[in-house]
């Protein structure tokens, strides 16, 4: 097996304002499947091409935003190893009760980064009741719905101290950093981090307010699916933020928009095949507009200013 | 860094009959760039989106077919570790002179599998003279040409004893096996193997004749690029084998055709994101036709009968 | 108004064997909407992007095949003019009772060509109960289903005497002929005919048996929709005939397959913008394989041999 | 032949500032072919999929903008008929010397609309030296270059009195009007006009300054070609105006940007199949933002303010 450390970002718990309206978005427009509800009323969802029990959890609250994100690691041994390294790195680690906080999930540890974000790690998850076929498989069970999101893909987190956070993902989570953006005085302004061949599993932007999230990225298959997502944004009168456009960073094709509770969603496709032996791409801060919005080449203020 | 063992299949040396005509295909139709020639007249080529010095080498001979394939491994330590494990597995290992057999490549080891195929492994390769940009990168240096092949992607090898070969790739090369096909009595008929998130880096089909190759796969970006490749096959009067179609196995979209020397080429895109924790997909032999050629659901004889 | 003569092929009545199973195909797989049923049990259907009352009618019978096709003409005056010209051409014309044979359709004339096919012409049709929006329109009312057929597009008819039939469509129906295929002795083997900017509204192949139909073509939007159609063929275990491929003739992208009653369906997209002032493309009979199946360049026997 | 009146917009003469730099754009980025130069130094260009001698002419001047546009009509008889109707409508008509003003073009008439724009009409044009193949045709002669523009598609003209101009195109040029936009008091704000099955050959926006042009539209084949055009805008540091996005009006997919001389170019694909019997789509002025920029639903000021 060619991996150690984390396999992928596999879990996000989001705060939403209006559960029914927001759930309608995630199910019928974004195209996730509802797996079930927790005893305390949270809704568990997954994309049609994911095997694990669920990946997205919606919790009603008075504000939108992030509760926490979770990463699956390669094995129980890796889980304990990462726990120990996390503590050694200086972050306190707590165990989460298995199957309670996240039904279907085994042993979980949680800890908080300097950026204020709560991360979970886990190795064992039950297979979802409905999952991609295994024996002589068809390409899907039912035609994908709505925007046809295939999987939870990545997060962009805003907070203070991202150089430390980046170092943590490398030294402790076993990830690598395909692209960075530095200020003229050499400080990290943004960083794109992955634990596999995707150009990013998560990204950070330096920001004074801790524990904020810019967007949650879902993967679509093609640029034509991006068009379909844009049409669904229009027909359903969702609020578009940016796109369709290309990021030069990651080379991904993208739209940003807000779901009904105000969390920013990215539907994303493309992106290069990242390899740990490829040189790290480096962006100068004055080129970040072009790096993010390749066609216009100019920064769009909402990208830097609006977070939840 | 989240990988150990092999990173990717990074090298193939092919025998060709008519160097000029065949080279014209690889450069102007498939879209590779010529990096240079070895002192003994072999031609080194690479795809526009690859960083390493070269990935495809053409050697003139009286028959088409394979000299060897090579895999890049994550580090010099991994190289020595895999060498030792290979010998322990029972395959004799020889060192290849650095920079001679493959200019730009550092230390290489070679060994022969039970299937008759020669594999090379290496950790260090010079960066190609022309490679993807690193500082504030554009998406390419020049508009991709012809079929716009982005990278050497995978090989399908035919030979005897593929269960052992599969075991070798797992135990020694650190790869995993997203899909297999078994005969009714449980013997391995075919196996798809990867060392990263691609659904296959290489595949084997059980076949009595050793050291034969079915095809070399190059990665295109989209189904529309597959169409463009098909148009170029038609306009250039290349011999189509199969496609455009979809493999249910890997879910890839594909065309097979023969380059002017008679080596079968696959231009391929799509395919699911493979993860080592996903269940292994299993195909029954009587469903292999559907697994390979999803739209017709029927085996195409040339697929099983013609190899070089 | 820049048109005279026919506007488009707007109606086809097909014989089907198993109404429920076949209707499920047309509605849930091809993606047509059921408009209603005639008093004698025929089912009226339309594509989501058509305004007219219906375009496809299914009638239960003991064999599959064609009852008749219908063409909409530009005006009531044109209808009478074409009627008179048809009789002058030598074909007997009968009036069809309005709103009985085809509910929602006004005055219709019918006549039989030398090829044995019954043609209908009409100028007035009610708008369908559900049709594309008119005031500040969205791009559709509901997300298109299944193969997302946008419209009835064209027919390929097989029968004797197609040179006369071609002449009839030009001289009487006001159409033109973007492409033809001739035998070495200069006889018409096949002809592609249109009354607008599509490269064909109908086509004929010379064939001894009268009143046979090769396929009914439905228009999809893109090559990616062709892929989606192919996936639906596979998942639903429909019988694929040919494709996905490109016709050099019309340049269209295509799949042929059989619906559950055995009528051959083409899902088609692309095709050049035809203009009446462009030169007529001419195919030699020995190049017809390449003209029809551009990627392989070879005739596929089922194309010439299987008709209903 | 199913057409009368105009066949298509077939000619545009543009003023450019820097001929070399601008010509490089039209040839190597947009992908047109240079046909030749007039004796007075203007450059004649055409798209690879056009048969006529040329369609775009560049003339050096001190400002960017429009000299005139031309429409091909179906026959010499139609040409004289339209000339007579134009004079009856009240516009003075002048003959242009054949083969002088536009080499390769036969008899041409010119006249000025109330909006200030000069229109040319003509029936006879020589075939271009290089044109799509006619006998057993391949899909192109050479792989399309750059943005792969297939044809001159349409113009958007700004000027005063567009209700009269619209009436002229219908009554004299034999065109029809698939979509309109009215102010709350029922005055025409914008109109989309066609002489074939395209949703527009030209469009007008009501504007106080006469003889101004908003953009020249070139047709691309697919949404993926729109992406390629956007990538070329980025790589070549052209100035993007708007997009990629969808117009709900025409349903076309689009990017607007400026060529080096400052003329606004649209690369456009998609759009519905327009028919003269379909109901006219009607936009309310307060929905025009959504009609033009469907994904955001909001008017973009540069669209209304910047013209040449």
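Which chain is which? They are A, B, C and D, in the order written, and residues in each are numbered from 1.
Keep in mind that, in the parts below, a contact is a pair of C-beta atoms (placed from the backbone, for glycine too) under 8 Å apart; a residue touches a chain by one contact, two chains touch by 3 or more.
Bear in mind the structure is a predicted one, so any value in this text is a computation, not a measurement.
Participant: With chain centres defined as mean CA positions, report which chain is farthest from chain A.
Facilitator: Most remote chain from chain A, centroid-wise, comes out as C.
Participant: Between 0 and 180 degrees and rounded to the nearest 5, what angle rotates chain C's CA atoms onto those of chain D?
Facilitator: 180
Participant: Please work out which of A-C and A-D is bridged by more C-beta pairs in contact, and write that pair.
Facilitator: Of the two interfaces, A-C and A-D, more C-beta pairs touch across A-D.
Participant: Cα centroid separation between chain C and chain D, in whole Å?
Facilitator: Whole-Å distance between the two chain centres: 31.
Participant: Just the number, please: Cα centre separation of chain A and chain C in whole Å.
Facilitator: That gives a centre separation of 47 Å.
Participant: Give, as an integer number of Å, the spacing between the C-alpha centres of chain D and chain A.
Facilitator: 44
Participant: Indicate the residues of chain A shared as contacts by at least two other chains.
Facilitator: Where chain A meets two or more other chains at a single residue, that happens at 138-139, 222-224, 231, 234, 246, 248, 290, 294.
Participant: Applying the document's contact rule, which stretches of chain A touch chain B when the two form their complex?
Facilitator: Result: residues 1-8, 49, 51, 72, 74, 127, 132-139, 151, 170, 174-176, 194-198, 219, 221-223, 246, 248, 251, 270, 272-273, 275-284, 287, 290-291, 294 of chain A touch chain B.
Participant: For chain B, which residues are in contact with chain C within the complex?
Facilitator: Residues of chain B touching chain C: 223-224, 227, 230-231, 233-234, 237, 240, 243-246, 248, 253, 255, 290, 294-297.
Participant: Contact residues on chain C for chain A in the complex?
Facilitator: Residue list for chain C touching chain A: 138-140, 143, 146, 222, 224, 231-232, 234-235.
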